[in-house]
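One chain, chain A, appears in both complexes that follow, with chain B as partner in the first and chain C in the second.
Right, the complex of A and B next:
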């Protein structure tokens, strides 16, 4: 673009370098533009943008790059094309298993295409350096595009001259010229009155024959408010990478247990997980017996640790802070902490048994005594017997060398070794191995292990009421997201700006009358249809009847 | 008669009212040269009749929606059938709003067939009320889904007006390379619509004939810990198997034109649940769509676009351009609110994260980015007329992919939406 060196307009106004239309009277400043007869480009009212400098230096060039809407559109297009790539195969982040190996998974599951996908890093598209860079560039573009335009635009709209240059009026996309038979001052006033009825603010200059009617100027700020909201939103997204601002972990709680939430001062207790299915009479035919789930819920109590927190030896002192029934759409919320229902496991877990000791020789039975799986007592007195707990295995198994081992710390196959003293037993006591679960007793042949002692006595649970077990384990997703409120603020402003900018349009109508010769021009940033209707309505009120469409100067669009 | 039966009857009434309204619009346009009538008066009269009929159709459609809501006790937006009928309904709402702004009756000529195709497509899916699974038991289901659908409906009206604009302005006497290219792409767009119709015709045709085929498919899978597992699934087809599932054996195939087994096997690299059946359905849709298109071509003996073009001559293309743009501008904030912001709020409540890069979320974002590029092209780069109309047409393809394609081709969090 040719920048006029002398930017002083014939009306006497001094314009900034790069101004296309005089800020005061609207006369086209470039000679080439003045000669042409095309409708004027009214974007930003033809003011000079900040980026239009005569001799840009390096920083200016970067500024100019990001201030270009064309670049912004390219960034948007590249971003959504890139986002498409990420949906071809599932992203690695959707697999939360610790053993998940993306390298193996993608090639096994999707063959060569999967291998290429993995090689290109597309299994982590949305956290890849190029995707994040694109988002940051869009953010930069939002900031710079807005600053570049909003200030000059504000200036231009704030000091509008009422009487515009003929070239400006005639080359608007909606325009009209004609003769006025009435007295010009009276006619102008009447025209202004008609537009006031349509909600316009009407300004008439001191001569009384030039008019500016304006409506909904605030809608011009919509895009900028929207962009500020989007910037806030993007900043909030970036803020989530601040340590502690975004916690995303899982806890598994077996019914009745209280567990600490790692990384916080909270403990959470599950009073039980439950699942409810729909009855068959609530389901349509093809879903009968499909086991469609009606509710998942966990009753929980949240505690805050008051003392002895993180102490290895002392029990922490817990203070109850909240009770809640967690549903899928109803998490527990306490301050910034949220607990969401994530998953469940219906495998029961044994907690404690209350068995009897039976003397097989006499048939007498003693007890019961209480044996817990976690932290059991080390010494028991039961009738004439005394028992010392020597060893325990929570998940009993025999390794390849034939030695007993435990596979895990969960009580899947608990086993206890007692040294028992009592009537008709060796003075130092005799070793007895006890499997509380009937299936393990058979699987590991308890009687064979205990040899003769198995004929002398037995430890046995009498009925299910003497077994304490948890029916289910619930998995909760622990969330802290401190950025989320800023996110909503950003979304709110973005939405507000969007509504301002789209559901209202800035409409302006100018006219001047020189010796009964009326020249009218009108501009809007969108909805020319409505603008032409307004201008034609007011003309009709002043005795000039015409088809609104005839005001069109080939630029109804926008 | 209970609420749900009444609801089904209303749906059928709405469908036929839409069909009649479409026919009346055709009479309004095509009948101008009948006899010695005054063309302008004829058009005004018949387009008024057509608009009243389409409004009655919308009323019936609304009563379908609300009586189904009352009858089932849950808002009917939770599975594919309910969602797509909702989309059809919101398109009619959007069309009615645009009609009141611009009073350009002939837009109905394109909005109505679009709605008719969409609700016919919805009827392919199972129509029973399915009680809500826990993830959907939220008030946000009502707000998020209806708002998103309404936003998309305005994009659909933008598409209809954009397509009309192209049919109006593309000059079939232009034999330059550029002109030929525009004609070819427009014809391609029309053929794509025929393929959708082909799907509906094939689905109903074979369903009506009671066609079934069953295959046993063997799937070898790698678990996350690296073990190989083999599973056997029975895959049911409702259309003759041009493509049978990968690595499968026919259990039972109804004979169709001498076909007793799949003609081809689906390649192994087609992923997703029931990819064989989906590929087969696509192939049938293309075949039936092309046959329908071929028959029409044989009758009219020229490109379809060239046949429609002269019928639109009375319409001002600038109005169409503006209507298309305006519909999209009105839809954009609604879409932003419904499909992104409300979706994020709900996701934050249900899953504890407002955004998880789930395929459906990503495609909603892609749709949003696409239309924001459209708005910037239009507002700041001055793209009007043809490029703008093409963007509106392509945009609706992206909308449809987000709504339906993601569920059919890519599984994800939204896969519960009850497809096939």
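Right, the complex of A and C next:
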């Protein structure tokens, strides 16, 4: 755009470079614009944007780039297109398995397209450098566009000259010219009174023959308040990358266990997971016996570590802070922490057994003694027997070389090797291998392993009441999102600004009377129908009756 | 207005540069959360050894350090332990330390295995899988080679051959 070099108006006001309509009297400053007869472009009241300058330096150039609404729209469109790319295939962040390998997954699942997708880094679109760069640029543009426009607009609206140039008045989209028969000062006053009834603030200049009536100016700040909200929202989104601001992990807890939530100072204990199904009489016929789930729930206790927290040598001191029954959509909430029900596993886990020792030769039985699967006691005195625990396997198996091994650290197939001393046994003791689970006893042929000793001794659990086991494992999703309250605040301001700008309109009516010749102009940002009705209503109260539509000066029927 | 305008310009652009720069920088460092990058300090720990004494990462300040995670249920972990033992013997005069952190198994299991394998380097006992998670382990065995200043030199996931252990140790002794 060519900027007018001489920005001094004939009314004597010195305007800033880039001003379209004189800041004081409203006269169009560009010669070409003055000659035309089209309705005036009233955007930002014709004032110059803050950054418009005759000789921009480097900083100004950067500033002007971000100050452009055109650039802002391009940025938004590019961001939309980029965001669309991220929806073609699932994002890598949606997979929670520790063994998930995106490199393999995308090419296996989607072939060449998947390989290209992964190669371009689109599996992490929303945390990629270019996407974040776009967001940062939009944020910068929001701030700079707003500053550049809101400050001059505020100044322009804060000290408005009442008497406007004829060209300004006649070239509004709602305008009227006519003769006034009454005394001009009296007429102006009467017109003002009528508009006051419509809720306008009325200003009349010293001569008493020029008037400015204005209503709902605050709605002009709506878009800027909306922008402040959006900036807060964007900052909150970016703040999620600050360490500890956004935690999204999973814990698995077997009934009765207390586990640390790594990355926080919390521990959580499960008092048991349970699943309830609908009874058949609660279900419609089609769904009978289909096993519909009624509730998934986990009773948990949340602990905060009070001492020895970062230290795994000493036992942490835990302080109970909250108890809660977690249901779907009813997470445990404590400060910023939330624990959601996520998954479950109904495989039971054996924790301890209390077996008896039976002397097969005499039929006498002794005990029971308590044997835990994890960290068991190493010595046991049971009746006449003394036993030393020599070795144990949590998940017993035999490897390819025929050696006993453990397949995992979970007690899926526990096995214990005791050295037992007692009546009718060798002095140094005899080795006895014990499988607490009945199925393992058979699978690994306990009796064959123990040979003759199997005929002398038996270790046996008597009834389920002597078995301590956990029925289920619950999986909880751990969420901490410190940014979420700022998201809400941002959303609130954004909405507030939208409402201000949507449901109210800034209406202004100017008039001047020169030798009984009335010139009236009116402007609003929307709802011209209402504005014209207001202007016509007040004219009628002053004796000029006309169809509000006749005020229209340029295709604004609405 | 002229002077003020420049000030506002500089402040706003500086803010955009600092906050935006931080956010963009994060995308380069944070692509897989929980994993440690080469050159970063390795996470701290304080764990019990087999004698029940506390050993922490700081105790190895200034020494080239090999941190190996292992479990008795992990066959490749067990297979590579004799190689680590031989490499430890070869390098210990140069101040190299080897620490093998067990994957939260119980006392009897760990001590029996260590006795059977006859390793002489330090065995530590993780608790509730906390250290393992701090180190972002995804599979076993995983070995971290740490420079004398406590920063990560390299990570090796999977069973290591003795020659590979040798090469990795050479790097942390040199650096």
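Assume the second predicted complex is superposed on the first by the 528 of 558 C-alpha atoms of A that agree within 3 Å, B and C clash if a C-alpha of one lies under 4 Å from a C-alpha of the other, contacts with A are read in each partner's own complex, and residues count from 1 in each chain.
Basically, a contact is a pair of C-beta atoms (placed from the backbone, for glycine too) under 8 Å apart; a residue touches a chain by one contact, two chains touch by 3 or more.
Source: prediction; values computed, not measured.
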> Do chain B and chain C fit side by side on chain A after the overlay, or clash?
Replying inline: fit
> So, A:285: does it touch chain B (first), chain C (second), both, or neither?
Replying inline: first
> So, does A:477 touch the first partner chain B, the second partner chain C, both, or neither?
Replying inline: first
> Is A:70 touching the first partner chain B, the second partner chain C, both, or neither of them?
Replying inline: first
> To the nearest 10 degrees, what angle do the lines from the C-alpha centre of chain A to those of chain B and chain C enclose?
Replying inline: 130
>> I'd like to know which partner A:147 touches here: chain B for first, chain C for second, both or neither.
In response: second
>> Just checking: does A:59 make contact with chain B only, chain C only, both, or neither of them? Give me first, second, both or neither.
In response: second
>> For A:498 in the superposed arrangement: first (chain B), second (chain C), both or neither?
In response: first
>> In the superposed model, which partner reaches more residues of chain A, chain B or chain C?
In response: B
> On the overlay, how many Å separate the closest CA atoms of chain B and chain C?
Replying inline: 12
>> Identify the residues of chain A that lie in both the chain B contact region and the chain C contact region.
In response: 99
>> Under the stated contact criterion, what part of chain C meets chain A in this complex?
In response: 5-6, 8-10, 12-13, 16, 19-20, 23-24, 26-28, 30-31, 44-48, 54, 56, 71-73, 75, 103-109, 112, 126-128, 130-131, 133-134, 138-139
>> For a test of understanding, state which residues of chain A touch chain B in their complex under the given definition.
In response: 41, 43, 69-70, 72-73, 76-77, 79-80, 83-84, 86-87, 89-91, 93, 95, 97, 99-101, 104-105, 108-111, 113, 125-126, 248, 278, 282-287, 292-296, 327-331, 338, 340-341, 477, 479, 481, 484, 487-488, 491, 494-495, 498-499, 502-503, 525-529, 549, 552, 556-558
>> Which residues of chain A touch chain C once you look at their complex with the stated criterion?
In response: 50, 59-60, 62-63, 98-99, 124, 127-129, 132-133, 135-137, 139-140, 143-144, 147, 235, 238, 241, 259-260, 262, 310-314, 374-376, 378, 389-395, 399, 405-409
> Touching chain A in the complex: which residues of chain B?
Replying inline: 102, 126, 128-131, 133-135, 137-138, 140, 222, 224-226, 268-269, 271, 316, 318-319, 321-322, 325-326, 329-330, 332-333, 336-337, 341, 344-345, 348-354, 357, 359, 362-363, 365-366, 369-370, 372-373, 376-382, 384-385, 406, 410-412
